[in-house]
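See structure below.
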Amino acid sequence: MNKKIRIGLIGAGRIGKLHGDNLVRLVPEAELVSIADPFLNDTITEWAKSLGVEKCYKNAEEIFSDSSIDAVFICSATDTHADYIIQAAEAGKHIFCEKPIHYDVARILDALNAVEKAGVKLQVGFVRRFDHNHKMVRDTVASGKLGKPHIVKVTSRDPEQPPMEYVKTSGGLFMDMMIHDFDMVRYLSGSEVTEVTAYGEVLIDVNFKEYDDVDTAIVMLKFANGAIGVIDNSRRAGYGYDQRTEVHCAGGCVQVSNDLDNTAFISTPEGVTSAKPQWFFLERYNHAFVAETQAFVKAILNDTETPVTGNDGLMPVLIAKAAKRSLDEGRSVKLSEIEE
Amino acid sequence: MNKKIRIGLIGAGRIGKLHGDNLVRLVPEAELVSIADPFLNDTITEWAKSLGVEKCYKNAEEIFSDSSIDAVFICSATDTHADYIIQAAEAGKHIFCEKPIHYDVARILDALNAVEKAGVKLQVGFVRRFDHNHKMVRDTVASGKLGKPHIVKVTSRDPEQPPMEYVKTSGGLFMDMMIHDFDMVRYLSGSEVTEVTAYGEVLIDVNFKEYDDVDTAIVMLKFANGAIGVIDNSRRAGYGYDQRTEVHCAGGCVQVSNDLDNTAFISTPEGVTSAKPQWFFLERYNHAFVAETQAFVKAILNDTETPVTGNDGLMPVLIAKAAKRSLDEGRSVKLSEIEE
Amino acid sequence: MNKKIRIGLIGAGRIGKLHGDNLVRLVPEAELVSIADPFLNDTITEWAKSLGVEKCYKNAEEIFSDSSIDAVFICSATDTHADYIIQAAEAGKHIFCEKPIHYDVARILDALNAVEKAGVKLQVGFVRRFDHNHKMVRDTVASGKLGKPHIVKVTSRDPEQPPMEYVKTSGGLFMDMMIHDFDMVRYLSGSEVTEVTAYGEVLIDVNFKEYDDVDTAIVMLKFANGAIGVIDNSRRAGYGYDQRTEVHCAGGCVQVSNDLDNTAFISTPEGVTSAKPQWFFLERYNHAFVAETQAFVKAILNDTETPVTGNDGLMPVLIAKAAKRSLDEGRSVKLSEIEE
Amino acid sequence: MNKKIRIGLIGAGRIGKLHGDNLVRLVPEAELVSIADPFLNDTITEWAKSLGVEKCYKNAEEIFSDSSIDAVFICSATDTHADYIIQAAEAGKHIFCEKPIHYDVARILDALNAVEKAGVKLQVGFVRRFDHNHKMVRDTVASGKLGKPHIVKVTSRDPEQPPMEYVKTSGGLFMDMMIHDFDMVRYLSGSEVTEVTAYGEVLIDVNFKEYDDVDTAIVMLKFANGAIGVIDNSRRAGYGYDQRTEVHCAGGCVQVSNDLDNTAFISTPEGVTSAKPQWFFLERYNHAFVAETQAFVKAILNDTETPVTGNDGLMPVLIAKAAKRSLDEGRSVKLSEIEE
């Protein structure tokens, strides 16, 4: 297959630039052709030029109408994702879309329907599935050598809380942060979540209360295959990005610890010190961002299913909604209550 | 203080013999004087003799009526604990009692009242408080240097399931097994549990269902100080005794991993292998059993409060009852519902 | 500084391609302009084209005579390094040269003289200095917070032995393999080696004997600052690339373990398994190859000294020669014997 | 076998008391009957009484002449070991003797001859062989599953330097401290040392120079089976007792790290801290002291060879002498030079 996949990038913010850089530098089978951003400015244009990209637009429409484009990366604001997916699908482009697809389930379903109707590929940006550590947990469970999963555990703590400006529109801890962990438990367990119970508190910054949000939470989960699980989240770990997963199965347990900045440890009469976990997602999941992009391009080239499908984009949103309702109503909530 | 504490041991089963051995070999300030067991036989008598103990009785009454005895170790069947506590207290003996004090809250309160009235000391056998690892977690939290606790986590998995004969009368997973973890979260957090929600399943052996029991469980907890927590239990880990604790606080996180049989790791082209966690409580908490005994004797000698009080014996039973109710009724249960 | 450093690459073998790829993808301040390789073929030309490099030559002379070129990367056969350095220096190009500069000390001195005379920069490819782990050991020692170094230890074992075809011309274990460790001990200790004693054996493959070489060796070292040290090498570890360093100082010890493929460990009744060390230098020092290239370009841009100087290229060759003599003569050898 | 082994203890210093306590508390097949110490005083007598030992002597002769005694523990000053061994052997007692047997090879041979002639058992106190970690290294190598040993490494660093009063009569670092490591490399490799080369420096305390001693040393070793090895020693690590061993074999590597005070690690924005290695030999080898005593008593009861024989007592002394000569003469020294 000699032809390169021609890609248009929508949204040149932090995550859009990351994908753009990775596509140009580390995905030789792809060619980044054009970039669209409603806030197009000199910085973006210069960055594009440094990557050898000549076409810069304000309007994503220009990408959709370019018949030479094979696929788009949707990295714009969350509330535009569903619309862009529909437009891209109707234009026959394959789609990589950042998470979440939308906060509104009906809009997600609209988008998924458009994708299905057009027969294009869709991959959602749950990047942690491509991390070497979590992937090893999942592969071990999926291999079946440890037998059926019994207990699924995920710890996910951010190094520092986001600005309140961000919190205001983030959709809340469950939709914005724990949504990655909801995807992770589905990925690790190989099963669907059927019920959740959420505990959440404001322990770090009282301002979270203003936005009906929490900064610390634990959620218990039931899975269709009988397993049970738990996720704990904190908006501020302070010591780095705490990202650990564990699945205890009938025949044993597989677990991962954090990636550290280095393996050094220093022993003195005062004590033993070692390196902290890598700071945040750009450091920890750096290689995983590359891998998810490569996987997307490969799925197009080989005409195979993408490794994170539209349904994988939908389910964590449903779980996040169930978790929020559980917290609000102080009771366990079945996923079937949300799906209706 | 030259006088030795003279001790009578009630119940010469596995745990009674362990305490007896430890008292004789490793607690020089104590003297084991007499042993009572309703199933007194030659094995027990010979064991007693090997420890230099001459007085062996069938009836614990003989110990209570011996005015030379300062303290008793109650290691008999759980349903006898409360009665023996009351009798010992009325006879003016200090009391070390294995956990739990009783399955019935009213009986526990009777026992605690008798102890209070008599002014004797009572220590309950929550041995894990004396483990070097968990103690380090607790001491770090208690020191305040990490700030307020936010998230408290305990993993506790037995290496193998108990015989069904035992399960039948064990009181169930929450009362028999997770009760140690309920004590542990109180110990680690320095706060009282106010609410729990329990998920539990039968995943290991369907026979647990016959006894209205589960073999795998996760319980979320709320604490009076605002923290939230989670405990996961499995009746069969297979790879050893999985005993890990973690407290994430405002200023950082303290956590412990398992003690292993040795520190060796072997690297070959096939992979890297290392030692398993120590097998079960006799191996892992071996030193802690000695330490709790030494602490009890020291509390008597120095006339200080015991490190695990009557209230510490009561609270985990209340939490276990709340957890069982939560599981049965599929809802969160406040401790105040049980206390009434 | 807007101008890019224009670079010519000499030698398009494995290591040359690695540097070429890194320069194009990950060093935005550099521009790879031309490539020379005496065995120029279609594969090289296509690879060059994929990087956007149009000029491909058989003769390195064409690079030296191109006045638009600022710097060269010398990645050709070892016996050509010194000649190319001299030609590049005389042409006023800055020089990055793979290790070792030459097997012959006189030729090295010729090269270093040419560099000095021309006033160009020279950096030698001791890539491990740029590894996150070893750098942490060095920085800790250099900070002085642990006091004076007492014991310096390096373990370096290749995953698998090289082909005998390679061994034949490699210069032997000390010159080809342990030379990296001789550089490392200078880097970690911040001091010069004054004496060595070598033990070496053929334990892996008797064919090493044909080439007067060993496959397993330990070398003890004395340093000018009073410290003593030891390096152990094996041509075949089997389990991966074993790369560990340690410095014990007056006030404590700093040490690093290997980077593993992932942090997973799997616990079953059969035992606990975890990931192996990263396989070989391309995996383990991947990031360090990028970093050394960036550092070289930065030194040119900022007109500062390169982090691995000509003298740093010379000294390990002297130590390797002393080690070989020690092995051959069965006695300790002072560096001063070689320097003469 | 119902009869207990009746034991007389010679020398009630720190190590003698340790053995006495262990025998009484933790070796039920043994009975400590009498204690002899030339500096017998009330402290010793009271300690003896607390263990239930009535017979206390100034003169070890009283133990040798007591026909009811089966075995002796020689824990007196090193220069008395050989004489006591000879007397004990002639009296038909089995012998446990602390290391080293003597500084003088001729005296050791006299002692071993007496033992052989009398047909009694002799065990030398190389306690580290009974450590769970090092034993795992040795057992793995001895199992043959990793193939032939290639590289044997031992790190052994004391937490703090001994008083100069002790250094004066210690026999020097090689005879007093590294002697344990000389035993360890024989134990781990399953082979005899044939040659050593020693580097040693005074880096910690210049007073060591007064006694012709060093405080920091590295020794390389050759083994009869072709393996090579290295030991590094420091008289002052500061951070605890650094006790690590490693054997790299044809098919892989087995290595152990230190036992730590606990498994806790604390993560904060300032860094990650964990526990130090256990402080010194009484903490680290506590269980090994018990195990060596149990092994000695078991060897008598079962009439099997002791696990540390007279020859095992002799060889490390020869190696220590070779190491000292190597250091003094600045050259490699063959063991055969010492044996003559």
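Note that the chains are named A, B, C and D in the order they appear, and that numbering of residues resets to 1 at the start of each chain.
Assume a residue touches a chain if its C-beta (ideal position, glycine included) is under 8 Å from a C-beta of that chain, and two chains touch if they have at least 3 such contacts.
Bear in mind the structure is a predicted one, so any value in this text is a computation, not a measurement.
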Discussion item. Based on mean C-alpha positions, I'd like to know which chain lies farthest from subunit A.
Written reply: D
Worksheet entry | A-D compared against C-D, more contacting pairs | C-D
Discussion item. Centroid from C-alpha atoms only, then distance subunit A to subunit D, rounded to Å. What do you get?
Written reply: 58
Item to complete: Please work out the Cα centroid separation of subunit A and subunit C, and write it as a whole number of Å.
Response: 39
Worksheet entry | Gap in Å, rounded to a whole number, between the CA centres of subunit D and subunit C | 42
Practice prompt. Find every residue in subunit B that makes contact with two or more other chains and list them.
Written response: 237-239, 242, 251-253, 265, 267-269, 275
Fill in: Contact set on subunit B toward subunit C in their complex
237-240, 242, 260, 265, 267-269, 271-277
Response to the item:
Listed in rising order, the residues of subunit C that touch subunit A in the complex are 25-26, 28, 50, 132-133, 135-137, 140, 146, 251-259, 261-269, 275
Worksheet item: Within the complex, which stretch of subunit B touches subunit A?
Response: 148, 150-151, 153, 155, 157, 197, 199-201, 203-204, 216-218, 220, 222, 226-230, 232, 234, 237-239, 242, 248, 250-253, 330-332
